[in-house]
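The two complexes that follow have subunit A in common; it is paired with subunit B in the first and with subunit C in the second.
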Partner chain A sequence: MKTTAGSLESSDCLITISDSDALDIKIESVVFKQFGDDILEVITNTLKEHKIDKLKVLCQDKGALDYTIKSRLETAILRRGENNE
Partner chain B sequence: MSNLNKRKIKVIKSIDELFKLIDINDFTNISFHHHLRNGDGVINYVLDKYLREGVNNLNLFPSSIFPSYTKILELIKNEQVNNITTNYLNGPVAEYISNNGLPGMLTMQTHGGRARATIEGINEIDITFIAAPYANIYGDAIGYLGKNRCGSLGYIIPDSKHAKLKVLVTDNLVKDYLENPEINGENIDYILEVDSIGDKSGIVSGTTQITTNPIGVKIAKNTSRLLFELGLIKPGFSFQSGAGGVSLRATKDLKDIMIKENIKASFFSGGITKYHVEMLEMGLVEKLYDVQCFDLEAVDSLSKNINHIPISASDYANPNNPNQVIKDLDMVILGATEIDYNFNVNVTTDSHQTLIGGSGGHSDTATESKVSVIVSPLIKGRIPVIKERVTTITTLGKNIDCFVTERGIAINPLRTDLLELLKDSKLKIYTIKELSEIAHKYTKVPKESLKRDKIIGEVVDRTFEVIDNIYQK
Partner chain C sequence: MSRSYLFIPGNTPSMIQNLDVFESDSVIIDFEDSVISYDKDAARILINNFLKKFSFKEFDIYIRINDSLNPNFLKDVQATIDLDITGYVLPKAGLEAIEELNKHIDNKLIIPIIESPLALLKAEDIAQSNNVSGLLLGAEDYTKELGINRTLNGTEILYARSYIAIICNAYGIESIDTPYTNKDDEIGLREDSINAKNLGFTAKALIHPNQVDIVNDVFSPSTEEIFQAKRIIKKSEESNKGAFSLDGKMIDLPIIEKAKKVLEKAKKYNL
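Moving on, here comes the complex of A and B:
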């Protein structure tokens, strides 16, 4: 099952998460060259905060700031939780 | 006045007919204007002939290159083009050159520099094809009448005098006398009569609307306040702004100040939009000196408002022309893709090294005006606009005075006079490094990895000084 949050508008990102046996993070970003490592770090840290170690995450980024990426990811996680109930 | 002493120009009906009269291989340095912008039909029509004939070693001198100029790309891919000299380019041609370069060089001139180089023989143009919306049989032409009217023909006037052969291309040929023609028939060798020179609706670009984006609105407000606090908005002032949404918003804010304070300006110059025309018709400004129309309202204003005056690129911005209009400019508002710690500005490439524009009149007006103001959001899609060093220098930092963003303003430290005027201001004034640090708090510091292996072009200032290289992506 896939859950999404965000958009593909400029300065936003679209996060898509789905089930996985391991942590699988994929980043497609218009600013990958400049900020790819930073984006990976914010996603990794957010997952840690939520004690998640098995998830497939796709981040399609259009130049979102860290707090946007974090909130989109958290929204997707919460939506997924609701759907699982 | 009459046509009595005028010489009729030979009229030909097709490009094939023209090159039966002259040998196409003798005319490989070719120039065009871009006043019809994305609606131009002449460039593709003419260059298709060069494609079909397989003429090699072409050197192209279009004043700008737009996405619809597809025959240029075909000629490049066919390895028929050696060098391109222009003022601005975007779209597929720009992308292709960014990735592949040319066999020769891409030379980026300014509008004023192009006029100067054409007049002084640096740009050696064998033949110019002048799209003319309204022409008479004596070779006189104007741009603001006719079914495909595009307004001022300013950029091609130097070519109409200094190219070796001058061909007027028109879809509207009349016998009538023309008062004050922009193109003087004395210089014209042939008239090429065609069904259509293009589509005038293509001159309107998507960006020439006043922005309502809250960041843009804040930048414009900061800009008009800055200009007012610097004492520049005073009776008889002169002004130029680009046609970007933020610049136009700043122009609107200026208009509100002028109405409130009962101030009338002497002239606006450069690219003209309906917003400038409205201020002329309201009596807020005495004259518009127009080198390019950005919308159809501006085009139609030229035929009804006597104080809306089309001017040549040389009268606009040629540094060796003592009458250049912009030497009297009090202030100019311009955009930036990037700006750096030394106030150098880039509007030629993006931060990924793709060609996306060019100087146009950026460096010309920044150099000549008493105060030059750059307006831009501090951050664009996570990329901070302030760099340690811009990817490509379009305009030298010594010619840039103020940088206005939504979060604050930086003044070039060379302008101690402006800093003194602003010492008690409530505006947020920072050093450019402080503004950069504010941006990095939101974005973090970007990792830069520019390729600097192969030079594909150069930026030539109006002084003819090469101020930067352009590198292959």
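Moving on, here comes the complex of A and C:
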């Protein structure tokens, strides 16, 4: 089951997560060359904070700052938990 | 003390990340009407992360939480209680709602929105409630409950405006006028702000950053007001009397106190 958070508006990102047997992170961003590594770091750190090591994450970035990416991922994780309850 | 209170949608990163460039004296991050039900959780998490990363000293930050009967009310408070914010703007405010909010907060101010006829009738008690630092008139909901239409000249809210301004001034709290909803009408905004100021309001709520300059200008003391206030204070200090004459006009304590307020405001805003 897929869970989403965020949007494709400017300065935001749309995070889509779904079940996976491993960590599978895909980033689509107009600034991937400049900030791809930073976005990946935010995502991996956020997943570590939430002790998650198996998840498929798609981040469609529209120029979001780090706390926005973290927030959207955390929202998706929260919603996934609520959906599984 | 603020002249302008700018509403910012709580789930819009492009607006949130620019909070410090709008030059509003206060900003109200909105979790209520501008955030759809599905995204209330997203707004709480976004603002929590944003305000943990950045702190602002140049302006006050309030959060408009959902009303006390809404299931998001407690979640809004819990998600923000530890953040460095000045306080909360409480919609659909009544005495019970303020009491409920006061159970959960510590060292935070409350600005209740007066947006129903019943709340207006209770406004004097609301103004005296714990932690209440000002009242905000919410004219859209107020007129909706009365079943009347808003007009450009605002005659239909004249009584509510006057009553709120009197109460706030009587109890020494901020009186914040309802937003002017036509964001492109600068002349109307200025006229509406001047009307509110002339009724005794100390500030105005805004729905768009474009409105900040006009509202700050209207609610600032004018150069002439500052000049006169300085003369009054100087003469007061020189004469050492409770009442004296200046330019043929009698100056006594209330006018001296008013002059002090003008200078206090001028100093705060570097005028």
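Heads up, the rule we're going with is that the second predicted complex is superposed on the first by the 85 of 85 C-alpha atoms of A that agree within 3 Å, B and C clash if a C-alpha of one lies under 4 Å from a C-alpha of the other, contacts with A are read in each partner's own complex, and residues count from 1 in each chain.
Operating definition for what follows: a contact is a pair of C-beta atoms (placed from the backbone, for glycine too) under 8 Å apart; a residue touches a chain by one contact, two chains touch by 3 or more.
Small disclaimer: the values here were computed from a predicted structure and weren't measured.
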Next on the checklist: Quick check for you: in the superposed arrangement, does A:11 touch first (subunit B), second (subunit C), both or neither?
Outcome noted: both
Next on the checklist: According to the stated criteria, A:72 is in contact with first (subunit B), second (subunit C), both, or neither; which is it?
Outcome noted: second
Item to check | Touched partner set for A:31, first subunit B, second subunit C, both or neither | outcome: first
Checklist entry - Which positions of subunit A sit in both the subunit B and the subunit C interface? => result 10-11, 64-65
Checklist outcome for this item: Note: in the complex, subunit B contacts subunit A through residues 351-352, 380-383, 442-444, 446-449
Checklist entry - Tell me, which parts of subunit C touch subunit A in their complex? => result 12-14, 17, 41-42, 45-46, 48-50, 52-53
Item to check | Contact set on subunit A toward subunit C in their complex | outcome: 5-6, 9-12, 64-65, 67-68, 70-72, 74-75, 78-79
Checklist entry - Taking the complex as given, what residues does subunit A use to touch subunit B? => result 10-11, 30-31, 33-35, 37-38, 62-66
